[in-house]
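Heads up, the next two complexes both have chain A, just with different partners, chain B and then chain C.
And then the complex of A and B:
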């Protein structure tokens, strides 16, 4: 009985639904505020993403005549559920909610599936703008997926060097190795991978300089063109949740050794480091860069960022 | 309680969609300047959005030319309820210097109910912000009325 209760708490309260959504909204709000401050503006309040979400829920939901109704309305919900389940596999420093051998691969697949849900939703809306948006979303996915996999491989190779296969795909193993040997960010071979990951995060989320799929001035919001009302709100919420998922993944992969073992301290550390990572990889590029072109994003990720991740992987193999 | 929270967030996050109905670009530039660091309308939650489906406040500038008439009508039909229409500058209300031209088919009231009208050629950014803030208040009232 207590087991079931604990499981429910895990699922809905602490590392689960409530914590993830609150953290996502908080990170998005702080990001907006920091961008405003960097541009010498006052900026919207930190609660702004929360107001945006509520407002969207209060608006009329229009379903276009050419849309496939089921897919059109199901895609945002699917995207949200997929992201929440991905977040459940990511440890809050020490505190794991669920883990098994190979959950890194599951996280990778779930994050891709969330992107696919957006693509399905926009394809079902039957709008040519959404069509352009989804093709750009696919290009973005192809761009960041290669360096992302390389980064995960590098971390897996470092933290799994004592295991039977020489590489690990278990979050549990990665965090355990880091608590024993110190955070992997302190390992010299991991610094290029960490930089590569910092570049992967904004593209994965679709933050400003890399938001080629939702370019609001070019292709009128791209993938979200036809969405209005509550489904739009859910997509905006997914965007916020993705910010938490990716920054928490960075913390788990590179800063896992900071775990103190006390749940409250760990959660606070997680909040602080998520905000720092958000600032580094999302706020700064947002404030200083204009949007990239589609082919620029592709080229940048397949040359520079992939090279950084590959260097890390090679260094790990050499330094063993 | 949730409904009340939605009501109050209506006025805190108004997203703007801008339609240029044959404007000379003067008002459009002033509207953009409202969102720049100097005037920073984002501190009230205003955001320029790219699709009429996501708009709360539709800002129309220009004297509604024959060319833009049909596009204006179709765009306004795509905005989800509740929404506000703000006319920007003198042109949408009176035709301004273009009045009497064979190429225009104004005023804007012929096509849609105008909630707030910001006068001037071109209006000052302060006036535009005041008009938009008034429209944001109206949004909340419209939502409350729709619930009753």
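And then the complex of A and C:
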């Protein structure tokens, strides 16, 4: 009975549903505020994402005539649920027991699946704008996938070097290695990979300089064109949750093993690091860059960012 | 009983071949009689393969059968033998299930065509020959079966000879296929000249300690021969030409069954006959062929305009995954390769059948022309999405399970050998997967979503008789995806052990003493360790509980408001207010009024554009990913020139690859 209760607490309160959603909304709010301050504006309240979400939920949901209703309404929910389950595979600081066992490839594919849910939803809306948006979303996905994979392999090769097979995909194994040998960010070979990961995060989330799929001014929100009301709110929420998932993944991959052993302090540390990562990889580019073109995004990720990740991977290979 | 069960392999092959002859004799007059004969012979073959599961998979026996009771005399096998170990049976099961599904689908799908007796005769002969190939214990017999398989497949490719390119596709397949078959024949002849036997078990025993340059050359010929049957690079353009014009049920056979014969041949060759998979050269050779096929074909698939042609390239790309995994030479690699081979038959079969359904109902396969069919064919759309999710490797479908194992196998191999080559293979496999996803997004968008072409306004859903075979495959997709552990323990590990345990294979046919005399290695049971963690059941539980929680919150969170608003234009014009529902806003009332005015076909009120008909702008399938294609334009233009469509070129590529492999084998083997 206690097991079930504990499972439920982990699933729904901490580090589950509630914590993830609160963290996501918090990060989004802080990001908005910081961007505004950097651009010398006052900016909206940190609670603005909450208001946005609640307001969306109170609005009417319009389903276009050309839409395939089931898929159109199911996609946001699927996207949200998949993201939450992906977040549960990512260990919170020192809290291996609180997360569910998973590995980096599963997380990678769950993030892809969440992207596919957006694509299916927008395709089901039947709008040509959504059609353009989803093709861009897919190109963005191809773009960041290569460096992302290389980063994951580099971390797997570093943290698995003491195990029986010399490499690992397991998230637990990665965190355990870092607990024993210090965070992987301290390892000189991993610095390029960490930088590459910082570039991957905003594209994966679709943050401003890389938000080619949702370019408001060009293709009127692309994938989200036809969405309104609660489904739109859920998609906005997914966006926020993704911010937490990706920053937490960064913390687990590069800053793991910094546990103090006290749950509350660990959770606070997680929050602080997530905010720092958010600031570095999302706020700064958002405040200083204009949106990239589609083909520029692809080129940037497959040359510059991939090269960084590849350097790390090769360094790990040589140094072990 | 155990005596009787050893007759099952030959009976299964016979039931298919006899079915072919009886169909052509009795099926001319009556379609029902013909279909019943076809159904019975397919079902018999399937049942006999299923009956063999218990002795072969569970009890671990190897079933040998000598045709006409021509048992070996003084340790020389002169008769034709059938030998069924777990590896053969694994492929036998894949084949009979695929044949069964394809045949039942054909009953409705082919109903518009004439001279169907020829179709079913050829179909059953094709099925019988592929089954014979994997169950055969004799190298020359394998060649005979390959010949029957190639010629029936060629005839079936050109069955709808009114289609543009049907004869061309068949001719290409015939010529280059013949190149492959001759290559197998030469390999067989060389082996016979060296070892004076054709029996696989005896060849295995004799080759254990005695390999010379001639057997090395024979290896190159056999490898390329089987590679041709699997349509590996550089033979992949044929598959595309053949698939695009063949009926969908035959595309299923070619992609799901014929390529598997090539895979089976390669596994038998490197793991069993030559037992040289431990040598780095063979690993590089096999893995490189696989990885190159995997990557080139997925990029080729990107640019296709024809639904089935696109699927054809993906088919080779997925077979590339299988060959890559097989070439790694580890137990995990072989297990993941076999798993992916099985999954590929299931999901690619499903995709070809949905393509066939679209073709059956609309008469078109052009990605630039189709669109918006999800409203007209909702069930086919769902089936397609299941297949697409599987092939793109999205959890929890089966494609994810096997690809995940392949990545692990490649990554682990790179760490064990300290070799960057296998790391590159691992990254290529991961990238290929996302490109696969991209091209299926393209298909989904340009066939099922997007705007409906007015031409296909009257399209209907396919009949139930065609949906049932598709559902069988779709359910298999999900089941094998959710229970990878059981699949691995029950099916994959016995097959892996059978492939590596050559001692058992030789002793079953030639006797234990013979195997011992030739020092055939006795491999223990393989031990597969994963470097990652993925348990679909617990993940599904996780997903389910979160979904229910989210739905609960959604329901509780909107007490005074219905979750789904009245849908604009969905036959809910200002109906009576139910208590608790909010009043319809002026906006939606306006929309409803407009709904009443508009005629569906009046471009003035098309939803998305200002009203000019010229602005009907479905984004064509081939324009979807220009952001990606622009950066790769040099690569694509090179590929465009390279896939010239000229038969001479393709034959030349084949000959070149054969020459190169020969050279490498002479130098390094």
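The definition used in the following text is that the second predicted complex is superposed on the first by the 314 of 320 C-alpha atoms of A that agree within 3 Å, B and C clash if a C-alpha of one lies under 4 Å from a C-alpha of the other, contacts with A are read in each partner's own complex, and residues count from 1 in each chain.
One rule holds in what follows: a contact is a pair of C-beta atoms (placed from the backbone, for glycine too) under 8 Å apart; a residue touches a chain by one contact, two chains touch by 3 or more.
Quick caveat: nothing in here was measured; it's all calculated off a predicted structure.
Chain B and chain C, once both complexes are superposed via chain A, fit side by side.
Of the two partner chains, chain B is the only one that A:36 touches; chain C does not reach it. Residue contacts after overlaying the shared chain place A:57 against chain B and chain C alike. In the superposition on chain A, contact is made by A:229 with both chain B and chain C. For the combined arrangement built by superposing the two complexes, chain A sits at the apex of an angle of 110 degrees to chain B and chain C, based on C-alpha centres and given in steps of 10. Once chain A of one complex is fitted onto chain A of the other, the partner contacts of A:44 are limited to chain B, with no touch recorded for chain C. Touch criterion met: A:66 reaches chain C, while chain B stays clear of it.
A simple residue count on chain A separates chain B from chain C, and the partner touching more is C.
The superposed three-chain arrangement places the nearest Cα atoms of chain B and chain C 6 Å from each other. Shared interface residues of chain A (contacting chain B in one complex, chain C in the other): 57-58, 60-62, 129, 229. By the touch rule above, chain B contacts chain A in their complex via residues 5-7, 9-10, 12-13, 37, 40, 42-45, 48-51, 53-54, 56, 78, 80-82, 143. Residues of chain A touching chain B in their complex: 36, 39-45, 48, 50-52, 54-55, 57-62, 129, 215-217, 219-221, 224-229, 232.
Listed in rising order, the residues of chain C touching chain A in the complex are 372, 374-375, 378, 381, 385, 389, 392-395, 400, 404, 407-408, 411-412, 414-416, 418, 420, 423, 426-427, 430-431, 434-435, 437-438, 441-442, 444-445, 448-452, 529, 531-535, 538-539, 542-543, 545-547, 549-551, 554, 557-558, 561, 563-565, 567-570, 585, 587-588, 591, 595, 607-609, 617-619, 624-628, 630-631.
Within the complex formed with chain C, the chain A residues making contact are 11-12, 16-17, 57-58, 60-66, 68-69, 71, 73, 77, 80-82, 84-85, 88, 100-106, 109-110, 112-113, 116, 119-120, 123-124, 126-129, 131-132, 134-136, 138-139, 141-142, 145-146, 149-150, 153, 156-157, 160, 163-172, 212, 229-230, 293-295, 297-299, 302, 313-314, 317.
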